[in-house]
Structures are given as C-alpha cells and as structure tokens.
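Please see the structure below; I have some questions.
Each chain gets a letter, A, B, C and D, in the order it is written, and its residues are counted from 1.
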Amino acid sequence: MTHPRTGLWFIGARGGVAATATLGLLALEQGHAGHWQTSDGPVRKVPPARDQVGLVTAIPQFAALDFVPWRNLVVGGHDVRACHIADAALTLVHNGAIKLSLVDEFMDSLNQIESNIELGALFNSGQAIERLAAVEPTRRTARETVESIKRDLRSFARDEELERVVVVNLASTEPPTDVADLPERWEELEKLLDANGCPLRASSLYAIAALDLGMPYINFTPSLGASLPAIEELAVLRGTCHAGQDGKTGETLLKSVLAPMFAARNLEVMSWVGHNIFGNLDGLVLNDPANKAAKMQSKDQLVGQILGYDPQTLVSIEYIRSLGDWKTAWDHIHFRGFLGTPMTLQFTWQGCDSLLAAPLVLDLVRFVELSHRLGEVGVLSHLGSFFKQPLGLAEHDFSRQFSLLCDWAERHASPQSRRS
Amino acid sequence: MTHPRTGLWFIGARGGVAATATLGLLALEQGHAGHWQTSDGPVRKVPPARDQVGLVTAIPQFAALDFVPWRNLVVGGHDVRACHIADAALTLVHNGAIKLSLVDEFMDSLNQIESNIELGALFNSGQAIERLAAVEPTRRTARETVESIKRDLRSFARDEELERVVVVNLASTEPPTDVADLPERWEELEKLLDANGCPLRASSLYAIAALDLGMPYINFTPSLGASLPAIEELAVLRGTCHAGQDGKTGETLLKSVLAPMFAARNLEVMSWVGHNIFGNLDGLVLNDPANKAAKMQSKDQLVGQILGYDPQTLVSIEYIRSLGDWKTAWDHIHFRGFLGTPMTLQFTWQGCDSLLAAPLVLDLVRFVELSHRLGEVGVLSHLGSFFKQPLGLAEHDFSRQFSLLCDWAERHASPQSRRS
Amino acid sequence: MTHPRTGLWFIGARGGVAATATLGLLALEQGHAGHWQTSDGPVRKVPPARDQVGLVTAIPQFAALDFVPWRNLVVGGHDVRACHIADAALTLVHNGAIKLSLVDEFMDSLNQIESNIELGALFNSGQAIERLAAVEPTRRTARETVESIKRDLRSFARDEELERVVVVNLASTEPPTDVADLPERWEELEKLLDANGCPLRASSLYAIAALDLGMPYINFTPSLGASLPAIEELAVLRGTCHAGQDGKTGETLLKSVLAPMFAARNLEVMSWVGHNIFGNLDGLVLNDPANKAAKMQSKDQLVGQILGYDPQTLVSIEYIRSLGDWKTAWDHIHFRGFLGTPMTLQFTWQGCDSLLAAPLVLDLVRFVELSHRLGEVGVLSHLGSFFKQPLGLAEHDFSRQFSLLCDWAERHASPQSRRS
Amino acid sequence: MTHPRTGLWFIGARGGVAATATLGLLALEQGHAGHWQTSDGPVRKVPPARDQVGLVTAIPQFAALDFVPWRNLVVGGHDVRACHIADAALTLVHNGAIKLSLVDEFMDSLNQIESNIELGALFNSGQAIERLAAVEPTRRTARETVESIKRDLRSFARDEELERVVVVNLASTEPPTDVADLPERWEELEKLLDANGCPLRASSLYAIAALDLGMPYINFTPSLGASLPAIEELAVLRGTCHAGQDGKTGETLLKSVLAPMFAARNLEVMSWVGHNIFGNLDGLVLNDPANKAAKMQSKDQLVGQILGYDPQTLVSIEYIRSLGDWKTAWDHIHFRGFLGTPMTLQFTWQGCDSLLAAPLVLDLVRFVELSHRLGEVGVLSHLGSFFKQPLGLAEHDFSRQFSLLCDWAERHASPQSRRS
C-alpha cells in the first residue's frame, strides 16, 4: 500500500502540546528525535526503534501495522491566540524541557507551518479562554462558525493536496457543557446550530465541522468535542471515525495501572488523594473553577470504576507558575490489608506535560489514519488506553485497554509492511 | 464435592508470616477477619467478600472455584527456634500492625497449634540462621534429615486424620545454593543425599521430603527449595504439584505493575533504584550478606525482563530495627520521554510485611490444594502472579500473570460450588 | 518553693488534643508515659528525661526551671458536645495512635475528670461547630455568656481548692472574626458585651472570662481568642498573662525550620506548596470553608516573613476520613540555585496530630503557670516557638524563637529546683 | 580599602565544582549570573542582591563586609586529568543543569584559564583516582611533590601579579588516611616528608605546600587535607589561615537543620536513613569502597552529635549514571512522639551538586581572603556552617553555626564598604 499525503490539523496549534508534536514530527522526519546527548557517552546505543522514545506506535507489538510514514504528514491548524508556534517551543526551552538547538534547527519549517495556521473561533468558550484569545467572542451562529471552520479545513486539504485530514483537538479545556437537554439524534441537534443561544461550545463545533466533511477527529482534551450521541451519529452517517477523550499522560495513567493491582490483591483502597501542580498555559486556564470542573471529573472517576466500589477520592490541580510545563503529582493511597491494617502507597510523578502528550498525539494520528484508511466507522474503542475517558469502552484498567489495542493490531497486521 | 480435612505445614511456623497466616486462618474460621473498627463508624458496611480483605481467593473472579473451606484446614509445622508462635504475633502487636485483642481471643487455639510444631533441621543453613536456632547444626546426612522430616509429616497427617498436607516454606532466606554441579535427574540427585558434603540446603531437603510423600509444596521464600530440575522431576514422579518462588508482596509487586506501563508507552527507563528498609526477623537474617544475595537476585531481575533491555538497577535491603514489620520501600525511576527529556517517578511503599504475605500464603494453599485435588502434576505455572521468581513461567508482567490465573479459574469453575 | 494545686481548664475538653493531654498527664503522674514496648526489647533504656518524649519542658535546657509537678495539676473544662472524654481517646486507639491498655488503666480517673467538664457555650461559633454541638446556639448576650463561664471557672477553683487555674483553648477552629471595627480599648469593648449582635465569637468570650478573673489564658487554636488589643489590655489590667496563637505542631513547624535555611543560603524559593490531609474532628470542622479560612491564614504567612519576599504559596487542608488523627502533609518547595537553575525539595510528614499537640499543651501550661507565679503580666512573647502566629513576636524562624525561650529560661533558672 | 588582585587556585580545576565556580565567577564579573529566563516573564525583577542567587556573601547580613570584588579574582589550578575545563561545564549542559549559551559566552575566558592549569600530582591517591588520571603515580618523595606544587603556586602568583592566593581543594575524595601514628607537631611531621612510604596523601601535600607559602587554604572535600594537628600548627607558624572540611551542600545541610528541631521538641529519633544517588565524576570515584568510606563518615556523624544520643543511622551514596550531576537524596526519619507513638518524616532533595557547591566555594574564598587580609591566623571556626565536619567547631546545628558567622560579620563590619 502506498501512502498518500495526510493532513494533521491541530485545534490549538500554537499551544504547548501541538508545538511539541509538530517539532517532534519534524525531528522524526529527519530521523533524529531522541538524540539527546547524556553523561554516559556521545550517543546512546539502543535498538533502532528506541530512537523513537515515547512513541507507542514504535514498539514491537505494532511493527506489522502499515502506518503512514512521518514524512507524509503535513501540519496545519487553528488557534485563538496570535502568537507564533515557536513561542510555545521556546517556553519549553526555558523550562529546561527541550533544547534550544532543536528549535533553531527547524525554525524554517516552523515558519512555514505558521502559514497553515488560521485564527480559531471562540464560541461559548468561557472567560478563561476568552482572556487568552486574540479574537473577540463571535457573534456568528453556531452554523456560521461550523461553516467557517469547514472552509479552513477544505482549503488546507486542497492547497496541500491531501488525501485525508485528521483533526485533533488540543485546545485549552472548556467549562463543562450542559448536555442534559441536548437531543440524541443528529437531525435534531443540527437544528440547534441555527438557534439563538445554541449551548454547544467551540470544541463540539470543530468536531461537527470535521466529521461532517468525513474527516476523522480525535479529542485529546476533556472538552465535550464529539462525545455526544448526536455527533457520534454524524460520524457514522458520514462514514468516518473518531476517538477520545482526554489524553491519559501522567497521574491518571498511573491510577489506571495501580488501581487494578489493589483490586487483584483484594486490598481495600480507603482513600486516594491526588494533588497536581504545574504552570503552563493549560494550568492557567484550569485555574478557572469553571474549566477545572471538566478536568477534575475526567481524572476522578476511574478509581471507583476499576475497584468496583467508591473510596473517598480527592483530586486537585493547581497552577504553580514556577513549574512551567513540569507537572508534579503527589498521590497518597491509603489502603487496608489483611486483618484490617491500614497501609500507604505514595508516589510523586515529575513529568513534562507536553513531552508526554505530544508523542501520543502522533501515535493517535497514525492509528486513526490507519483505521480511516481501512474503512472503520464510528468510535474507535480500541484506542481506549490513550484516554482518561475512553469513548465506547467501559474499561479503565490500562493493561486490559492495552491488550485490546494489541488484539486489534494483530487482526490488522500487514505482513509486508515496513516500519517508516 | 465434600472437603476432607487438609493439613497446612509451615516450615518456619513460629515466624511472623506463619504466625500471621495462622492467626488470620483462625479469624477466618470465625468469620470475622477484617473487623477493624475505624474512625468512620462502628463497623464498615461492605459486601460480604470484603470481610476477607487481602485474600485473592475472595475476589469475584474466583467465586466459582471449589476451594477447601477455612474450617477444614489444620496447622502444624517446623521451626528451628524454641519460642512460641504467639511471640511473633505479639511482636506485630508491638509494631502496631495487629490488635492485642486478636491474639488474646485465639490464645487457646495458638497453644494447641504449638503442640503441632516440631523442632526443625539446620542443614547448610548458613550462620545467620544458625545464630537464631535453638538446635545445633545437624551431623546427620541429608538422607537422615529428609527421613526425619518425613516422619514428622506422616505423624501430623496420621494424628490429625488429614487427607492431604500442603507444605509451605516460610523460613528465613538461606544463602544461595551453588547449583552448577548438581545433576538434572532425580535418580542422580538422590545419590547425593548419602554423600558427605551434600551441597543441598535445608529448604531443598524439606521440599524433597514433602514431594517424596506426594504432598504438594509451596516455596514462598528466595531459598532454593524445589527449584531444581531433579526435584521438579521428583514431584512429577510422585504425582504431586508445587509452586514458587519468593512471594511477591510489596516493592517487587509494584515493579511488575509499573514496568509494563513504561514498556507499553515506550518510555525508556534509564535507571531504577529501590531501597528497602525494615526491622523484623527476616530483615535481621537478610542483614547477613550471604543471605541478602539470594534476596537481591530475586528482586532485581524482573525489570529488565519486562522492558526487554537492561537499565541500571540498584536494590538494597537494610535492617532498621525501629521499623519492625513495617517495610518501607523508596523507588526512584529515572526515565526518558519524547525528544529525550529525562523525567522521574518516585514511590514510597509503607506496608506491613507479614500482613501482606500471610493472606497470599492462605490463597496459595487453597489454590494448590485444589490443583492437587484435581490431579494436576508438576509446577503450577498459573500461580506465577504470586511470586517474584515464578517457576515455569517466563512472564513478570503482573497483569498478564493475573490473566493466566483468571483463565485457569474459568477452566476449573465449579458451577455448584458455594463460597466457604 | 512549694507548689500549690493548679487547675488546668480545657475549652474543648472532650476533643482529641484535650483527651490526649489529659491521658498523658495521668501517665506522667504515674511516671510511665513513653513505656511503649518496641521490637528492640522489653523496655527502652534511655536517660530519665527520655521517659517524657515529646515534652519540651523535659529537655536539659529547662531542667533548672521550677515547674509545677505533674501531680499538682487538676483537669476540668468545657465542651459543647455531650460525649465522654474517653471517646476521643478510643478514637485514637482505633487510629492505631495509642494503646487500648493506656485508656483502660486510667478509666477511673477519666470518669472523675468527666465530672469536672461543663457544657460549653456556642456564640457566633459558625455552622460547622454548631452541627457538632449538643447545645443550641445561645440566646444570651455576650455578657451573660461571659458570666456563665466565670461561674464555672470559679466553681472549679473553689471545689478543687486550686491556687491558680490556667485556661487553654483547644476547641474547634471558628470562622475568622471581623476585627476591623472592634475598639482598641477594653473599656470600649466591654460595652459591646451588652449590645445586640456583639461580633465577638465564643473563643474571645472564654478569653475575657478567664482574664477578667486574673487567670492565665493560652490560645492553642487559630480562633481569635485574646488576640485583640482590647483583650490584651484586659490581661494587663487584671495582672495576668496569656500566650498564643495556634499551636505549631507539624507542617508549619517544618516551614519555620526549613525556610531559614533557604534564606541563609540565598536560595530563591519560587514556590512552596503544602497539602495537608487528615480525618479527625478538627478536619471535619476545617472542611467548612468558613472555618478553613482562619486556619489557612495561620499556616501560610510565615514563609514570606522569613524569606523577606513572597514566593507563590499554596496551602490546602482536606478532610480524608480514613486517616483519622494521622495528619499527612506533602510539601513541594521549588527553588532556584546558582546560575538560576531550578531545584526541588519535597517532604512528607506523617504525624499523629493529637500526640504532637498534647505535650505542647502540657508544656505551655507549665511555662505559663511559672510565668504567672513569677508575676509576669501581658503577652508571653518568649513562648513564640510554640505557635504558628506568635503573639508579641515578629519572628517566625524556629531556631531564633527557641533561642528566646532558652534565654528566658536562663534568666529564670532556679538553682535549687528539682525536676518533678 | 582598595583591593589587590587575588588568586584563586583550585585543586581539581577541571572538575564539575571548579568549572562551575569558574564559570559563575566569569558571569558575576559581567554582573549577569542568575539571568535565567523563566516562564513568568522576560527577566525576573528582584532586588539587586538577588542577581546573586545561591551566594551566601550576597545576603544583607554580610553587606557591610569589605569583600574582594569578583573582578579582582584570577583563576588557576591543578588537575590530574588531561581534559579541558569546558568539558565539565558541557557535561552540566548535557545534564540540563546550565545553559549552553553560558559556556559559549565565556569560551575565550575559559581557554585563557586553561593556560593557568598545571598537571597535578598523584600521591597515595588510591586506585579510583589513579584510574582517572593522565599522570602516573609519582615516584617522587612527599617533599619533592610539595616542592613541585610550591613552584606552581609561586609561578602563578608571580605571573599574574597576585597579592594573595587562596588555595581550594576541590579534587575527588581520597580514601581515609590512617592518622593514628602521625606526629602532632609540624617539626616531626616534616621529617616524614623525606621518608620512604610517607603515609600522607596528595590532599595533605597540597595543604602543606600552600600553608608553607603562607597562602590560605580551604578544604571543601572529605579528604584529610590540613585536618591534622601538625599541619594546623604549620598554618599558625606561617601566619596564615585555613578552613574546612567537606562542603555542606545538600542532604547533610538538611540534617543539620532538621535534627535540631527534633532535639528542641524532644521527639526521639529512632532511626535516620539517607540514600543518595547521583552520576557525576565524584560519584564514580565514591563508587570505590575505599573512597566512599571517607565520605560516609563525614555525612553520618552529625545527627548523633546534635541529638545527644545515637539513633540507628544509615547513609548510602550510589553512582547512578543517568542522574549526572543531579544528586537525589531520600531521607527517612523514624521518630517517637508523646506516649511513644512512632511517626515519620521523609524528604526528597533533588539538587544539582555542582551548582550547590560552586557558590559556596566563591563565598569561602571571599570570607577567607578577608580573614587573611585582616590578619586572622589558624583555623577559621566561624566558617563552620559551610562544612560537614567543621574544623575548630564542635557545633553541627546549622542555625547556631550561622549565628556564629553573623556575629563574626558584625564584629568585622566595614561601615564604608560598598558591595562589589
């Protein structure tokens, strides 16, 4: 199978995750991501696949999948801010997360990608996001907003001669959407697009625009996006696929790995407290209580689901400026062992948020592009291991989610495929 | 199926794990393990199975297995020390690990069990263990020692009218045995029992005695025990089964849960440091470098096996008197993310060693008794999730080990079975 | 100097701290506090003063002070709840913090002390405290409430033939009092006692009652108590002394020890995050945002005062039921070293709150009793090392505060004194 | 007072600490150390003194001291390795500890300083150091070695027209020297310099060379250096001063800050465990058991000295390559509170070793230069707060040590002095 050119459209294209994913993609095309010189010698000697540290698609289990090569991917996107994609990258340099030389090397490519970034839309996006934006909240209707997004997506596909465009939501977290009164069918929801006071937020309008054009859509954020029966129906009607929701990168990943251990050993979790501190733009937006609510909900539900009962849980996310992109999480798990004796597990996770998220974004794009190429339609539930709130999957245990992915990969192995 | 009386023979019967398992068994027979009054109210309201916190055999996945009821189990054992089984229990009370009232309540039963405990044998056991012992290192040959052990086991079975005796090694860790020159066949090894300077240590002689009598054997320690081709052959020859080796209770359990996450996410583990401190009798024995060697080896190999490459690892176990049975482990995992950026995960595990081990011992007895009853012969590899060095299983990923156990359970479900 | 009988009047006498202080006092009278049998042998061999672990007054620096002997102290108090003083002690037993045998041994004494506990007063105490109380919020005026408290204090002194009564506030934290419009002089404030809508809360009425009777007063809580110019004047007018405010027992103690290190080494603290979780009654009351406000303010100010600039700080206190009296604090200090490089210090403090506070209460009673006996009047600023918000002292550095106490002790050494 | 040119002679001039101190000095001369752009804005706005983060001499308490200006300092040194001073700086860049641009900017100056670095001497230095060296172990006598060092020091002083040279030992830690049979008087010790098998090691020969020339000497390492009565006498005979030993930068600093808190609160420390992991050259040398012994001794003694009794202590230092210069220490302090209840404090310190040490080296040079200029002779005990094993001071409590320094500063304040 030859691979056509594929577009990668980032909503929030100038944010930290998108900038890191873009920079990483450029480095992967050159074949030298991961060449970080360490104290143990000039360049690490590791098996080839290890050059792609952090990429799930690079592990042996997925070697037989016919992924689109890195060099066939073209980046574009929307952003409501007026800065440059390199700004986010430089912030990561200042945070000590990536090297200046990496940004320097790809400055020309970043400038070129900038020309593919359009000004995004605010629509019920909430004050925290509006404060960051270079645009005014729109006075357009939801439908007009959707149509404007579609125009940008079509132009991108046409100008760059793309066979396929994967749209990824990487924008800041919106406040929760009140979905109680939203209709379950697309034909009903569609009517709301013309109504005054349409309750949908921007993330869902982006999802509608992409899916309505038959483009696959990935929601890497806690915002609502396509996570609504009516929009899921739209995807099926248009014969396209989507995945989500909210990338599982750090503390929640650990929860989905550790909670099954307590369940398997029948150790009773009495309380699970998680405190997260970090200082990037995401953190600033989450510092607004309305936006934080969406995130907390996404982080806090899986422990009870895995255990089968509800221990007392507490999750906090706080904006601590000095930490920049380094998210530090402290979790305190208080559990009861045999004969009722209380014991404790604590962990501290110090990870660079954008660098944990970006490779997963690239992995998801490859998986979703492949599914779309293979004709899969609707929610891609086999991608649940990537998400805090896996769409179409009632399983939060990471190892079981990962087994589902491996099973899918076995079924879709392409014997003749070569790794890109 | 009615359940006959089953003997439970602990080697190291007066140690902390055996004492806790014994006490726990007594409580389970009364149906009130886990009734630990907490600050949140008189008695916790939880589903019935939750009364058996810490018991793997009590979780829903194993509800259809026809386990021997607790009340059918009878405890006996060997110990080289001359103390009382209640002493170890009282030490746990002093450590704040269990309540005095629990020991008080079952004092009569403990006294009765004491009468089933015979003085054990020292045989190449090493200085650290010899220092603790009330007996002199034996001058008997290996064969005489084996015969003496057999006499005790037969008496126990006869006096208590037992259909079956499961022998469990819970004794202090021996120094490593040099297995390089040991023969692979039982008929060859057997000849060594009469030789001067037989290199086997006590743990293997106990294993030989049990298996030769057709009794199932469990090795919960890092000592060699039955982990030798010739002894494994003996088990098959006698039509019995065995499992081991070295119970996976705390830090290593976490390693087997966390390392697969790093592998699945292709995050490169550069170094994994684990420091363990604790102050019980086991710790005192492990403070001897010869004995520590066996333990370290058992704790340190699985990370590389799971990851598929060998990061720098460091494991220490130190005896800190004040901690008593509370083993505290600090692990520092230094890993590399996308674009080569180093990140860190640290955890601190504060668990009561005997209370983590004891329920697993009871679980293993139930599983092994059932396998024996079902006629399974040789190494029980489906029990690998219980062990640091799973015999017959080249898999260290806890969730995959646990899946194997669940699969076995499904195959052996007894629809009409009721939980004891 | 012979020592007369001294009363020790606890406001909040049935709470965890008061119960522990009472139980500890009973044990000290018997001379056997601290005889906790450990795994390292029957009874610890330590220098005599070490029997009094946790008592500041027992260290060599204060050996020459003529403290009142433990056996001369008589306990009484107020509480708004209708439970028994032993209930709080039993909760600590359930939490694994103290041994049941200790409560058993002194049950008769506790019953006797119960007869000295009167029902306390609610007065602007806030909903969280009112929910716990066995009494209705009073309809009496502030003056009537003060007079009622005085009657109880006088009865106690008379019935128990006490030369002196030290009143200690150990009650749950009230919401902050709005002190903006309160007069600075006692003669003005006193008039408010008869007014409708007197803004003072119960803690201040207790302080007024005690000081007006010439009794020394200690405020171990963040509630306002005597921390008002007009009430401080009252103490001086009546020739008595007082100390406060808010006992410094755990996380804040560490802050006052660590922050000076960063200052002395010119390491720039960029952010200091502290998360506290615990599950005792105090925690339940602090879970109410109004009450929490008072506590947070008390915990969060000293870092900036010690450093001389204001890093970003965050303090949270959350109620986690399962922890009971075990307060766990995680602090994350992000600082900048030479050439601007960011570094990190994290600590986890796992302490039993009542057991940390109770000896300090007994220490303060001894120090304050001595000051009163010596004729000291007004705020006892040399006791600042005991408090999060030291009255009369603009110094938060623990070691400097402690030096002030040692200096005071040197000036008041009683050469002929013998340690009680 | 005008300031003459002062030499700064580093033994181990191409190591991490010396390279960082050199680079920092160059930056300070330019007035822009600490301009590390962070996520919180272009350049931090802080009081002037804050540009010098990490420098003790820059805090207000020492503002009135007439320190030599940075620009008057000239760097030279010895090293047994044949690399370039910039190599160590680049390793720190690779570790993410300093920025490449800083090294780039001062490359010319570093090259010039390289021309002041002479090949050092091995003398009983032990195998771990010999393995690193570009020179063969000397066959010269101790006296010949001393004379050779003196020649280098005199040339440096003459060529650079220096009024004064401060010699600082920053070389890798030697194995402990057996001092039992060494004479107490200089005239006796001097005779040993000509003997075959002189037991002194290189660090002491350097100290003798410097002091014999009247140059002040600072021992920032655990090696013996001048810490011998006979060599201390030499300093007095030659009218010069010296300070040491072993810079207190991280974990031990915290011990000297935290242990006094436990003492003041009479909380009984039962055990204090400290595990240190790091991966720089120092770590590699300390990985040799002989060299580690010297370091461990230095880190482990002060807890008992401060507490007045000896809890069980354990200190480990392990070489973990991936950590580079980032020393991570985990300390676990198990202590007993009131009524004997065990509690726990844990801390994790993640600091960049060279960046913690380097400013202290510059501080010490300034303090020692000033003392020498003021005519102080012998051990400078007021500098004890800088050292793990403070010479001439039996006090390990950091805050008391620091008070001594402040007192000294007050006595030597130079009212007319301006800060450099």
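Just so it is clear, a contact is a pair of C-beta atoms (placed from the backbone, for glycine too) under 8 Å apart; a residue touches a chain by one contact, two chains touch by 3 or more.
Given the structure is predicted, the values throughout are model-derived calculations rather than measurements.
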item	value
Co-neighbours of chain B and chain A - touch as defined	C, D
C-D against B-C, pair bridged by the larger set of C-beta contacts	C-D
Centroid spacing, where centroids are CA-atom means, of chain B and chain C in whole angstrom	48
Centre-of-Cα separation between chain D and chain C, whole angstrom	43
Chain B, residues touching no fewer than two other chains	38, 96, 321-322, 344, 346, 348, 350
Overall pattern in which the protein chains touch one another (line/ring/star/complete/other)	complete
Footprint of chain B on chain C - complex, ascending	37-40, 91, 94-96, 99-101, 279-280, 321-322, 324-325, 348
Chain C-facing residues of chain D, complex	20, 23-24, 27, 33-36, 38, 46-47, 49-50, 52-56, 58-59, 97-98, 102, 253-254, 257-258, 260-261, 263-268, 309, 336-341, 343-352, 355-356, 358-359, 385, 397-400, 402
Complex contacts: residues of chain C adjacent to chain A	96, 270-271, 273, 275, 277, 311-312, 314, 316, 318, 320-323, 328, 330, 332, 334, 342, 344, 346, 348, 350
